[in-house]
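All remarks here apply to the structure that follows.
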Amino acid sequence: MAKLVLSLCFLLFSGCCFAFSFREQPQQNECQIQRLNALKPDNRIESEGGFIETWNPNNKPFQCAGVALSRCTLNRNALRRPSYTNAPQEIYIQQGSGIFGMIFPGCPSTFEEPQQKGQSSRPQDRHQKIYHFREGDLIAVPTGFAYWMYNNEDTPVVAVSLIDTNSFQNQLDQMPRRFYLAGNQEQEFLQYQPQKQQGGTQSQKGKRQQEEENEGGSILSGFAPEFLEHAFVVDRQIVRKLQGENEEEEKGAIVTVKGGLSVISPPTEEQQQRPEEEEKPDCDEKDKHCQSQSRNGIDETICTMRLRHNIGQTSSPDIFNPQAGSITTATSLDFPALSWLKLSAQFGSLRKNAMFVPHYNLNANSIIYALNGRALVQVVNCNGERVFDGELQEGQVLIVPQNFAVAARSQSDNFEYVSFKTNDRPSIGNLAGANSLLNALPEEVIQQTFNLRRQQARQVKNNNPFSFLVPPKESQRRVVA
Amino acid sequence: MAKLVLSLCFLLFSGCCFAFSFREQPQQNECQIQRLNALKPDNRIESEGGFIETWNPNNKPFQCAGVALSRCTLNRNALRRPSYTNAPQEIYIQQGSGIFGMIFPGCPSTFEEPQQKGQSSRPQDRHQKIYHFREGDLIAVPTGFAYWMYNNEDTPVVAVSLIDTNSFQNQLDQMPRRFYLAGNQEQEFLQYQPQKQQGGTQSQKGKRQQEEENEGGSILSGFAPEFLEHAFVVDRQIVRKLQGENEEEEKGAIVTVKGGLSVISPPTEEQQQRPEEEEKPDCDEKDKHCQSQSRNGIDETICTMRLRHNIGQTSSPDIFNPQAGSITTATSLDFPALSWLKLSAQFGSLRKNAMFVPHYNLNANSIIYALNGRALVQVVNCNGERVFDGELQEGQVLIVPQNFAVAARSQSDNFEYVSFKTNDRPSIGNLAGANSLLNALPEEVIQQTFNLRRQQARQVKNNNPFSFLVPPKESQRRVVA
Amino acid sequence: MAKLVLSLCFLLFSGCCFAFSFREQPQQNECQIQRLNALKPDNRIESEGGFIETWNPNNKPFQCAGVALSRCTLNRNALRRPSYTNAPQEIYIQQGSGIFGMIFPGCPSTFEEPQQKGQSSRPQDRHQKIYHFREGDLIAVPTGFAYWMYNNEDTPVVAVSLIDTNSFQNQLDQMPRRFYLAGNQEQEFLQYQPQKQQGGTQSQKGKRQQEEENEGGSILSGFAPEFLEHAFVVDRQIVRKLQGENEEEEKGAIVTVKGGLSVISPPTEEQQQRPEEEEKPDCDEKDKHCQSQSRNGIDETICTMRLRHNIGQTSSPDIFNPQAGSITTATSLDFPALSWLKLSAQFGSLRKNAMFVPHYNLNANSIIYALNGRALVQVVNCNGERVFDGELQEGQVLIVPQNFAVAARSQSDNFEYVSFKTNDRPSIGNLAGANSLLNALPEEVIQQTFNLRRQQARQVKNNNPFSFLVPPKESQRRVVA
């Protein structure tokens, strides 16, 4: 019996999960890349409480990788209005901390507000779970799940968000689409839709919606007021608000909450003191707090799924060398929600003049976003052409397509990056150092392949004892075979 | 052990099955939809025993959804000749009843005909299982499985068939293709092939097949007669029949069986009396009839798979409100064959002036076909544009792409529809009512997001106590918070 | 419990593995095929130790099937340099024998060379497993896994290689790409890239790489020498060799090893004497040799995965009829590595004038490569058009798209072919003979469908008692019902 289960396990991992990506391929020739660039956002949309920057998803490398990238900045007391997207999303918190909510359709509301201000006649509020986030957190947003974010501290929150538009969970075409529940702003990627004629659409819209004079962009704004009156059982005045009509000014996707948002949520201090809370299982049966919430099986697996995982500087790294730097990864093995998204991420930190060795991703595209400092990066395609050779600086992004080789050397005291990968179990092949491809080849094959003497082949195989991060040259312990 | 299995289960459901669709994405921009239409079939092909109507699969909404739709009408004693398609298929029986057969390649013939008319020297016939169908049945046809249908009653059979051409089981391009085993009719979607030059093909065909003078369209008609003589070990006269040569008139895909078809099949009365027969397992070990058929494990799981499931008006509904209507769904949880097809379906019935609330499909496109009556429907895209605002009437189809919001209000006493969905575990997000997204948000977030007073936010959250179907306004119990 | 596991099993097989292909669909209209051709390679690239021939992957049938095909010939002592591809690969050994290595990233080096020539001070070499191959072997190469091959016999090795570019493991576009670790040759499919302007690229490359004057095509050649010095901890002279600079002549992808390659590998004799070694599990716990290698769970499942499986003439066939021929298949059930690749293969051998019956592949494209002899083949599309009617000769390839019907009759004493299929669990539907679709239909349905008399319908169902391979007509035992 155990054997059967294990063999199932094996089949499952190898056949379905290990190597598969469940992603759409890019269009013909999108990956015939002669030149890559380190890119800054090319557009910025201001809102009342912050701004959203976007990278053009029609750029060839983004088309090849099949992703869209944006960066959202929330000032103090700013609330990003609830929205959902047509593809799975990974959000990395570059800076700041706050709270967010994500709505699991069909799951119960498990957070109950206490009665307030002596108004005993009021029914208390109930809503779904609220989460804290902090710098270094990776947040997983499944396709179509609505979420909101709020900054309750002074430091602005900076969140970098990757939408995997080529994911098979997106059954629409490859344009990223954000559906806002509220507000009258356009979704941030609309401007990049190639066939969108703003004028024509407005006039068409005008014809169809003359009675409402509604210019808003939220999904509720698109329905007839009668429908909403019927569906919400509220009066026309509230419906107008739901549709974002007559909003005093153009507030946009991020609004400022005067006086701050007061929602019930677990104490922040506790979360700060236990930065590794996400490492432990949410609940065990002896836990009193846990027993008080009676849940069924569905609840335990889906409705209470962990949605954030810290991979930042303060997390326990997976690869560590004090002279070279550290690497922390989040895959579906340590962050199970990623098995839904079929995405993963890696946080890297490189000391000055340290490098990560030339390597390639076997089964994923890699989208490298520089968090801090700068590094010299080189990328090589299948024809041996160096398609990128330059600096990657804080705030820039570089796309490294699947199987392309990449290496980098830090130019600053501490180069930090987050690399989003389009596979929940990414696998890399190192081209130098311990555990590299060359290290696994017989000496004679290296000798004949590279036309080397045996002595030289041995050096190529064994001189570098480091497995991924190589310390600066000056600190290297030279090994002479 | 149980834990391991459960965790496997979880992985399986979450990673592979819950959210995934295994479907091809539409081409670039196919889903930039400014306007949808309620569509009637645009073509009709007459046959001896009935007719087949088709919707143009090159229409933008069909391209976006990646499906093709047709409707087949069988008169009394009409037999639809066996055929298979290059993609999985869901058939909904809008009207009538009859029998069908589906061929599982490699499975044994388990229906044995008794000896007939005292001709004791004749070997009895054996063939694979024959199924009854009736109004409200959903029939699952896996990719490449040949099936035939027969109407043995007076009422014409009307069957609506959805082919999921974007399914990954279709390794060809996205054109729907039907392969007939017999007859000399063209497959019904051939006319829509954009690059099909009828003349050129015929002349090319003429050059290659001059010796046969064969104009038929079945797959057997395409082989040289020598090949078929060799393969079937029959004479040239029979081969000519197999190739559909000299068929007296153009019979087409549906032939009339003079005197009616007499095949061995379980009694119809029993099936009529037990409309819920599909709910029980086919066999348990104490069942005598079951023991007499010795089957191995493969037989039990694949060869005897249940292929029909009733979701019609007479089935037990999943959502029910006497004043509003009812909803019955078939997913891979209650109809396991759908886990092959990666499709599902929903039957809905709305009382006059009742509505289903604004909602969206998280992980599926929805193809709504009106069975009866008419309803006012509105569809909204990610830019807040109302891309459909009109009546959906009996016999029309409306495509609602993934994540687009939709709401409807019945205009007739009983509006009935079937909605095909391109995911075997579809998930919806309601925008109003109990269990809606807004219901799961904290009051304060609703207040700030929609710029409401707390009192109003509470009304938006709680006024509508219904979860999906809302009774007519006049019968609503007004709740004033 | 057993029941739960079995139902999981069922779900797994049916939902994920039985029918699914996990492949990209071809572009619009790529499969509207009016005419197929038996194709020989259209290009040949010479190397020092052999040559590589390729078929143009932009041909419509290759585009429809989503695959690329090449054939590599290795002379005695020829070494194909290590390379990896952006999609899974099946290699069939048409002729010869030799050794190959494949590098599993992250797996340990388990082959240890003994100390040589009394040089006791030298550290011994360690590397990953080396495999023998021989005629009839199918080798599975997962996406991104680097491999090398070597011919240590006099007979030239001829290896036919299929790259499944439409596999979802390929996240790049549909061009096949080979990444060489060494050498300065171009990858063999570069010439077919439609937008590759050779001149433009070279000049651009020249601008970026003026300091190196490096024209090589390996991935290591693309990095700056400083990077490689740092990563490998070797001097500039060795780096120049790694980058393939100043290679005396243009050696190409296949180099000749003077004096022969001497790598540690298990004795060839043993492998020759046990051609069926791949049938037995690699290890059981009582095996002493096995116990000496301490391995963990990961090792056992992934790192020691079997990568070759013989389906050639000397293997035990799955279908056998001395007068007609034999068929041997490799699916993921007998060759588990194929569940990674989502590919399978079939070896067939037909006696003179024997035929395989008209049939179609339910869930796969079939790429038929003729190994020996010649056969008359016919292929029919969904419109009943005979899109191929001709000879398939040794060295030619014919692509049969999913659901298209195909039949063949051998024209020579022994027609041998290998058919690559784009599904790891391919399923076929026979149109004639025992276990065919027609055999599973009720007699009456055949009668009415083909307009036959009952007597004739019985002949069509029962006359041919053979299930896939039909002996020559002259040796057939005529059955008259």
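Which chain is which? They are A, B and C, in the order written, and residues in each are numbered from 1.
Please note the rule applied: a contact is a pair of C-beta atoms (placed from the backbone, for glycine too) under 8 Å apart; a residue touches a chain by one contact, two chains touch by 3 or more.
It should be emphasised that the depicted structure is a prediction, and the values quoted were computed from it without experimental measurement.
Fitting chain A to chain B on Cα positions gives a rotation angle of 120°, stated in steps of 5. At the interface between chain A and chain C, two copies of one sequence, fewer than half of the residue numbers in use appear on both sides, so the contact is built from largely different positions.
Once the centre of each chain is set as its mean CA position, chain A and chain C turn out to be 37 Å apart. Each of the following residues of chain A touches two or more other chains: 1, 5, 8, 12, 16, 22, 24, 27, 166.
Only residues 1-2, 5, 8-9, 12, 16-17, 22, 24, 27, 79, 81-82, 84, 86, 101, 103-107, 109, 111, 113, 123, 125, 127-128, 130, 142-146, 148, 150, 166, 168-175, 177-184, 186-187, 190, 193-196, 201, 204-205, 208-209, 214, 216-224, 227-228, 230-234, 238, 241-242, 244, 247, 255, 257, 261-264, 301-302, 332, 336, 339-340 of chain B touch chain C when the two sit together in their complex. Contact residues on chain B toward chain A in their complex (touch as defined above): 1, 4-5, 8, 10-16, 18-32, 34-35, 64-66, 166, 355, 357-358, 360-365, 378, 380-386, 389, 401-403, 405, 407, 409, 422, 427-433, 435, 437-445, 448-452, 456, 458-464, 470, 473, 476, 478-479, 481.
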